[in-house]
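Presented below are the structures under discussion, each in the form of structure tokens.
One chain, chain A, appears in both complexes that follow, with chain B as partner in the first and chain C in the second.
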Partner chain A sequence: MTISWKRIHAIFMKDYKDFSRNLAVSLIIFLPPVLAAFYSRTGNGGSIETYYMVINMAFGMVAAFVQSCLIAEEKEKNTLRGLMLSPASTTEILIGKSSLSLVLTLLTIALSALFSNYRPANIGLIVLALFVSAIFYIALGTMVGLFAKTVMEASLYVTPIILLFSFGTMLPLLAEQYPALQATAYLPNIQLLEIGTKVERGGSFTDILPQLAVILAWGVVASFAAVSLYKKRLID
Partner chain B sequence: METIIEMKHVEKRFGNETALAQLDFHVNRGEIFGFLGPSGSGKTTTIKILTGQLLPTGGNASVFGKSVSSLKQPVNRKRFGVLTDNSGLYGRLSIYDNLKLYCDLYEVPRTKIADVLAIVQLQHEQQKRVSALSKGMRQRVALARALLHEPELLFLDEPTSALDPVNTLHIYDGLRALNDRGTTIFLTTHDMQEAETLCDRVAFLNNGQIQLIGSPEELKKQFSDSTLTVALKNGESIALPSGQEGAQQLFDYMKEDQVDTIHSNEPTLGDIFIQVTGRKLA
Partner chain C sequence: MVLEFKQAEKRVHDSVLFPPFDLVLSAASVTAIQSSVNVREDLLGLLCGQGSLSHGELKWGEHTRSGFCFLEPGLYERLSVTEMLRFTRQLHSSSEPIASAMRQLHLEPIQHAKIKRLSYSEKKRVQLACLVLQNPSVFILEEPDQNIDLESRRIYLRLLQQLKEEKKTVLILTGNLESAVTAADHVYKLDDSGLHPVQLEQDVPDTATLLDSEETVTPVRFEKIPTKVNDKIVLFNPPEIDYIESSEGQTFLHIKGESFPCVFTLTDLENRLMPFGFFRCHRSYLVNLQKVREVITWTRNSYSLVLDDPTKTPIPLSKSKMTELKEMLGLKS
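Our next item is the complex of A and B:
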């Protein structure tokens, strides 16, 4: 299988131009950095939990929400059909459609970290963990977008996802009361928080490998599900 | 002559409802083939099957000599173009940006944009945002997009439904030029005039079944009642039968200088459709 970067780039550039003129969706990318700046100025932003609450919110709001809107709008306006009937392969379309969300997510997180004065002890390990996490959230957004019929519907479906992954880091605290919640410890946002904590304590790549593997597993499963759903949508 | 589309006993069911029943026809390379039928007769379903967007529930559908399932291969999708009644365009982007995307997807040089915009008479509007265009102009942009890669086979679903007569003629000229360069055109319409103007052969579709197939001339000849209507100078109109008797009467009227006009009573495709199906095209 050969991949045409020209096609991927064409879809990315189209999305970039379209997104920059869509204020209803594009303004949301400023929320996490604004929140980070707010926490920092009010003196509540110095803990690793706060840093990662904002970072996980960026994943929910940008990677999942923006991606779901980009895909759902293509469905709503019947433009996805045009892409599907073109010679672009499933891989080219899905990479092309995910590139903008990936760039925006990483940019939003970088700005949020800057405004909240988060300076990771090992930036390489954190960037790796963020990149792997982004794959999961973008695949989740793709699934929501493919499942929804309209942008409005996608926004509705993605809201609980944003809430779960932004504030879900508090769920394991309730695990003593509700044992079923112990499973939430394996959510990707909580694994990411653990990676952040370990790195601040001087943890190496080997130390964060179990958490990284869990996030990667989420990403692989979500990507597989997104591709399967896309292939189903190829045929009415 | 090479067959480019072949449908053999093709069936499509949606639950208990039969959308297409035992569809049999073929389209030759280089033809403009018209698929005529009222709304809900199965025209769009047929195009969806032929472009790999729907799978038939029975029979065999093939395009370019291969089963339509081969259209899943992206490389095969380069060989055809589609213009549906709801061809999505990116409203926030300009006409040029919309076409640029498809140039890159089909790997054709961007210089083609000027050529296709000239065909649809939009060469001076290319920087306009699609959202600011009328429905007719959007349809022309969608057609320009379908022409960009000069496909071997072009599917057009009601291509001039939103256009005024002048724009319609521009589109016809463009389609004929494309057909002259070798593109086979599969056209669905409920406009009989359009079918007569453009098509080499037509098929009448009603309730998911083909009722009649042939060239417009053949069909008109087949359904003609072989009479002539003679309008006389005194305002009277007389139908004359063919053959010696009619010829003698016509000769007599002409000798007495009573004839104003003569018309052959050839039915239109619309008349034939109503006669065959008992339904009007709308």
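Our next item is the complex of A and C:
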């Protein structure tokens, strides 16, 4: 199967124009950088946990929220049917629809890191880890979008996800008190925090490989679920 | 052959949606199927490749590409008309020029407007322009002229004419017989009793002889037209009647937006109502000329009469009857 980049580009440009004119959704991408600036200026920042809380919040608010709204809006406005009936394949549509969220996510995180004065010891490894995490959150957003019927519903469903993955970064602190919470150590946001900590201590690629594999596994599972949900929606 | 229904049949929960029927669509033809909403949605699902027939099959010709125009506009509301068309063109890897599609649907004056600012009729035209850009071989239109203004309707009918000249196939699915008859060359009615063709062109010599007999015989006439409503017989004065429609051998009097079944055939009624200024404008329509406000020429061969009632009901007027009407009005064609 050949992938037409022209179609993916067309979907990306369309989404970009549509998104930039949709203030209700697009304003949220400024929240994580603003929060990052606020944290660092008030003196609460500086620890690796706060850096990653903001980054994970950016994942939840931009990757998951924006993606779910983009998909849900296609459903709400009956435009998804037009896309599905077009010659574009499932892969092309899903890549095209995810590319805007991916670009926005990485941009927001870069801005947030800049404002919170987070300078990772090894930028290459961190970018790789962020990219792999982004896949998981975008797939999650796609699922929420396909599951919801309207943008309103999607933004409601995505709220617990934002909460879990952003403030959830603090969950391991509670794990000492409630042992049941130890399982949460395998959540992708906490794995990402571990990568960040290891890289700060001068860890190499092989050091972070187990964490990266866990995040990738989350991403693959979520992507498969999103694609199968999309295929199911294709039929009805 | 572009598209063929072969003994297509659909049942839902033991009730028949439509019994087996055969229908072949060929190139350069405009076909309309008039049906209920349920049947229409089912047919559309079938044509989209979703849903299935209970029996029989749907066969597409080789290299047939279908394009749909659904009742729901399905446009990106924050894009401008040009951006929407450009996106459609790229998505479908089409080589059709945007400018010509825009001209065909008269979108140039609104090309930079955001779609959410357009009226419903304009959105419909943008939707049709998107379909033209896709350049499919079969155009499948769901209720294309429902709720649209006169100007858009004229543009739409002209587009159909043009598509026919380009040897395209058009399939219209609608619930409105008038819309089907005005737009299509072949009109069918599909319901739980099957697919029935609706005759379009009337045989001219037949009516000519009727007119002759009308002049020689002067029978005694009742002035009132009886209709049956729940076993009651209601009598109407001919000038009250707006128009009479014949559907599946049953005639219906339309009076102030309501319809009443009548026992007489359309030809009987035509003979009786001729002196009251009624006119057989179409094989299945008899109209009270006193109530006609406008005669609209859509294209060279399609016309409608518009009644002088609050809803401005359009009535189809067939080509051969147009000349007759002009004579009656004292206009030289």
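The criterion applied here is as follows: the second predicted complex is superposed on the first by the 236 of 236 C-alpha atoms of A that agree within 3 Å, B and C clash if a C-alpha of one lies under 4 Å from a C-alpha of the other, contacts with A are read in each partner's own complex, and residues count from 1 in each chain.
Rule of thumb we're sticking to: contacts are C-beta pairs under 8 Å (C-beta built on N, C-alpha and C of every residue); 3 or more make two chains touch, one makes a residue touch a chain.
Since the model is a prediction, treat every value here as computed from it, not as a measurement.
When the two complexes are overlaid on chain A, chain B and chain C occupy overlapping space and clash.
In the overlay built on the shared chain, the residue A:Ala10 is in contact with chain B and with chain C. By the touch criterion stated above, A:Lys77 is placed in contact with chain B and with chain C alike. Look at A:Gly46: by the touch rule set out above, it reaches neither chain B nor chain C. In the superposition on chain A, A:Asp18 contacts both chain B and chain C.
In the superposition on chain A, contact is made by A:Ser89 with chain B only, not with chain C. Shared contact residues of chain A with chain B and chain C: 4, 6-7, 9-11, 13-14, 17-18, 21-22, 77-79, 81-83, 85-88, 234-236. Residues of chain C that touch chain A in their complex: 48, 50, 68, 70, 72-79, 83, 87, 90-93, 114, 134.
Residue ranges of chain A in contact with chain B, taken from their complex: 4, 6-7, 9-11, 13-14, 17-18, 21-22, 74, 77-89, 234-236. Only residues 48, 51-55, 72, 74-75, 77-78, 82, 84, 86-93, 97, 100-102, 104-107, 145 of chain B touch chain A when the two sit together in their complex. Within the complex formed with chain C, the residues of chain A that make contact are 4, 6-7, 9-11, 13-14, 17-18, 21-22, 77-79, 81-83, 85-88, 234-236.
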